[in-house]
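First the structure, then my questions, so here it is.
Labels run A, B, C and D following the written order; every chain starts at residue 1.
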Amino acid sequence: MTEIGPDDQVYRMPSLGADMTEGRVIEWLVEPGDHLERGDLVAVVETDKSDIEVEVFHPCVVEEFLVELGELVGVGEPVARITMADGAAASSHPVERRQPVVSAAASGEVSRPAPSAATTARTSTTTTTAVRGRARVSPRARRLAGEHGISLDRFPDGRVVTGDDVLRAVREAGPDEDRAADEPSPATSDARVEVDRASAMRRTIARRMERAWAEIPHYHVTDTLDVTDVLQRIQVHNAELGPAERLLLPAVLNVALADAAHEVGELNGWWRDDRFVASSGVDLGIVVSLRRGGIVVPTIAGAERLDSGQMMEAMRELVDRARRGRLRVADAAEASITVSNLGEAGAASVLGVIHPPQVALIGLGGVRVEPLVVDDRVEARRVVHVSVAGDHRAHDGATASRFIQHLTRRLESLP
Amino acid sequence: MIETPSGPESAEHTTDAAVMSRDDVLDVVREAIVRIAPDADVAGLATDVDYRDEVDLDSMDFLALLTALERRTGVNIPEIDYADIGTLDQLVDYLTARGAAAPATG
Amino acid sequence: MTHDVPTLDLLRRMLLVRRFEERCAELYQATKIRGFLHLYVGEEAIAVGVMDALGPDDAVVATYREHGHALMKGVPARAVMAEMFGRVDGCSGGRGGSMHLFDAERRFYGGNAIVGGGLPLAVGLALADQRSGREAVTACFFGEGAVAEGEFHETMNLAALWDLPVLFCCENNLYAMGTALERSEADTDLALRASGYGMPAWSVDGMRLDEVMKATRHALVSIRSGAGPCFLEFRTYRFRAHSMYDPEHYRDKDEVVQWRERDPIDLVVERLRDAGELDDADLERIERDVADELDDAVEFAEASALEPVDDLLRHVYAEADESQLIAR
Amino acid sequence: MTTATDVTGVTGDAADSTSMTCREAMRAAIAEALATDERVFIMGEDVGRYGGCFAVTAGLLEQFGPDRVRDTPLSESAFVGAGIGAAMGGLRPIVEIMTVNFSLLALDQLVNNAASLRHMSGGQVGVPLVVRMTTGGGRQLAAQHSHSLEGWYAHIPGLEILAPGTADDFRWMLGRALANPDPVLIFEHGGLYAASGEVSPVDPGLANEQAVVRRNGTDVTLVTYGGTLPTCLDAAIRLEAEGIDAEVIDLRCLRPLDDATIVGSVRRTHRVVIVDEGWRSGGIAAEISARIVEQCFFELDAAPARVCTAEVPLPYPAHLEQAALPSVADVEASVRRVLDADE
């Protein structure tokens, strides 16, 4: 196709249908130099539907053909150079550059405004982590379980767990809580309710721990993590950040721990029907101690996919929600492995009790300064004692050791 | 950000945010702590003791406190200064000295 | 007594329709107009002739080949062109497009894209006029293709049964899209068929403006006297494709040439020249005047805004204030 | 204690309400409309001299004359289209299509004209038309005379779809529909014409688009309308004996649907059964179920259940027809399933 200047008068490939985007000139009905009147036929254009004779709308003289016969030409592309006989503009309606067929009328391209939130609000469904192999639980039951900090694995498989079942469980835990508790009342400052809920929680924790300790053949493996360098790197990382973006050691440890659990899959899953069921992702249960005593264990789903910043954000929200009694259904989803962290000022180490039907619990002690041998020299180093409580039915000490090695190596490349 | 009317008198009003007195800062700090530890007796908290122990704020709570204070006073407290704000007196002095001011309206 | 003699003004109206349609073809090929486009080139005498005889209170129901009817019922070229562009200032607010032009004030009750779909509406409008004691006729336009629809039979029978003031105008252009009349109708004498429903029916040369005007005036006298509906079969020919891009294999070239020799506009021009009422200067002035009106209409359409997407769900149900409109 | 034939819709015990059949109630409504508004007229097959295929218009021809009570030829498309045109022309027609089965011949006029004209004309042209038609099976009229297609019509924007289930609604819905500037289709279940119920002396002023809780309950919500309302009320009585407290919602209007009343009830009972004489696939019950899941997901203790007509053209023999149609037993079984929910 020969080059044409901007002000050349041209005859363009006409659009002969709503869905036509291109065509071919298969026959010229005129010769260069012919004088044409309005309505004279100038060429036969082949479209995917048929061959159609096309006309000129203004008297003109054909100067030069710009395309070969049979050449595929987009609608609106010039096919012949012409000069207008009466000096009128080549075509007062220049064909739009080839626009998507669905485009709005040529003159005002309407960009559909971002659809209003209402119409396409992605329903902010909390991602209810599909609980692998769990009893069937009604949506209402999941919601109430989350709000009352009731773990769903207390209910026997088979029968569908309903909201009423969960409320009954809450009532059993705290006899005088009335049925109206069904509707999540705003954080009531009514002390009496708080006390009942705490004692109810205490009883629930107690019952679960008794069962866990009795049924699961625990073994424990411990080690010492030198966190001096990682703390130093965290400090550098935090130096120019505002408090809202700063990282804390527990978040970094959880990233390493989630990564290790992903690597050493035997620790990440459940013991059910006398066999180990592996979890595809690492749904990390976080033991959160509540100010008025007791613990809740919300879950961060897919923890292996989070970096330090994301883990910190997730933990910050989770702790805030847990302490305000506003856990969500997703938070109450089933964990595949749990971590109990005593916090920087906590005791040296904790040998935990596994939360059934999980098969491992990681205990992290407080940060301590202890003498360590580094390059054959004793130095004062900041350390954290880590313990793996394992279910001997599912795995053994060697697995836990491999886990700790992964944990240690991964920590060296964080945050 | 709500467009404040562009009349002359409102123009100067928005430039110098309300600089807070030492008492204002103390109130803001106590309010922030109460939000994080509603059950603690923050009103009766002495100003010369280690409030983190008294109110049992762990590292997560402490970060939440600093975030709230930055929002309420505009002052960012870096990690290296953590040691200088162990008591309420030290924290309030630290914030006042750095021109704690309630954020401009709008 | 008005003689059914063409005048310069009638010629201008025919040229307005002809050039409007040609301008639409050009705009379509320049992708300014989209969707379907059915042009009335060659049939202008019918719309101009019938509408000239109708009064402002008379109602019109048309089909998708309706630009000429809308223009001749008084819908401004600007409003029709803006509707072709899908703009808010279009006569249907941009919502209808080429096949659904509406102007309730002028009692132009739209094109209808379903063949025969508009016929029952015309009967209803006539029923309402009759029951409300309004002296009005409803003119209902349709192509010969509609004759094969069940609705045609049901409507003709109902109109005749209830003596309703309906003028049935069948624009027989010999081709229902791609099917010639003789390939779809056992009996192609449509006027004869219509008279079977007990109403007066004529066949008229649709290319002669004077014939169209005379037949229409004659029918309207009968209808307005309360004698019930009439049926006019206008024999005509469309010089362009059924719609923008049909290959026209269904008819041969020389048939088109043969009909073009009786171009309704040429016939009027000849009559006016012979009567000494038209010279080249007049014709040039009328063409220029029409071209200006069309340029203005296109400019108006391009300048008109697109309806905000937030209004998408409007006009499905009556909005509070509109309900009074209905009580007219 | 409500019995199957007593379909009282009178909320509260309106002392001076009179008992009448749904047929008599609709006839009174048409007569009142003809008497009070010159623009109103009724047309349809055999509405005049024959007195109406279901005798709803008996006596009206003698009272109002052939101009206002017009028999039409068997031309559904033409006279429904004429009704639309007359409405465009300022009249207030009531068009009677003998049954929903024959309305299929006028579907083009109803969907392409009645429902679309306002939109195509950019709001200029309204169609204040009421179309009444009989619907539903159960009278051994076999496949072509037993359809229940109101759910189809409820799919069309531009139409309002009503399905009265009580004598009071048969009496008072028509007047409000005639005041609507847009087309309203009223589906009258053939089985209800002979059923009698209490009718208040004056229009209780309950908007046609409002659903009504006909029976309060706490354990499960039954959502229904029209011909299956008595079925659900009977089922509720029998369930009561088994200690199951069922709430019954009469939709009355299928377009627009009164989501608020449905959602309000499901939020209390957490379980719902939708009963509809249409076929299950793509029916109105499917739409209602989808809305409940969208708006009450976290309130549900069981998946919403549907009781619909079996997916078969209605057979002629009574035993098969009854097996196909939603029955009291079907509703009870579905409620039990929804309560136990662990099959």
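Note that a residue touches a chain if its C-beta (ideal position, glycine included) is under 8 Å from a C-beta of that chain, and two chains touch if they have at least 3 such contacts.
As the structure is a prediction and not an experimental result, all values here were calculated from the model.
Between A-B and A-D, more C-beta contact pairs are found at A-B. Here the spacing of chain B and chain C, counted between their Cα centres, is 78 Å. Chain centres here are Cα averages; for chain A and chain B they lie 34 Å apart. If each chain is reduced to the centroid of its CA atoms, chain A and chain D end up 46 Å from each other. One finds 64 Å separating the Cα centroids of chain B and chain D.
By the document's touch criterion, interfaces exist between A-B, A-C, A-D, C-D.
Within the complex formed with chain A, the residues of chain D that make contact are 270, 294, 297-302, 341-342. Chain C makes touch with chain D in their complex at residues 59, 61, 90-96, 100, 102-104, 109-110, 112-114, 117, 119-129, 131-132, 150-151, 153-155, 157-158, 161, 314-319, 322-323, 325-328.
Taken in their complex, chain D has these residues touching chain C: 41, 67, 72-73, 75, 77-91, 93, 108-109, 112-113, 117-126, 128, 157-158, 160, 181-182. Against chain A, the residues of chain B that register as touching in their complex are 37, 39-40, 56, 58-60, 63-64, 66-67, 70, 76-80.
The touching residues of chain C, counted against chain A in their complex, run 22, 25-32, 34-36, 85-87, 244-247, 249, 295, 298, 302, 305-306, 309-310.
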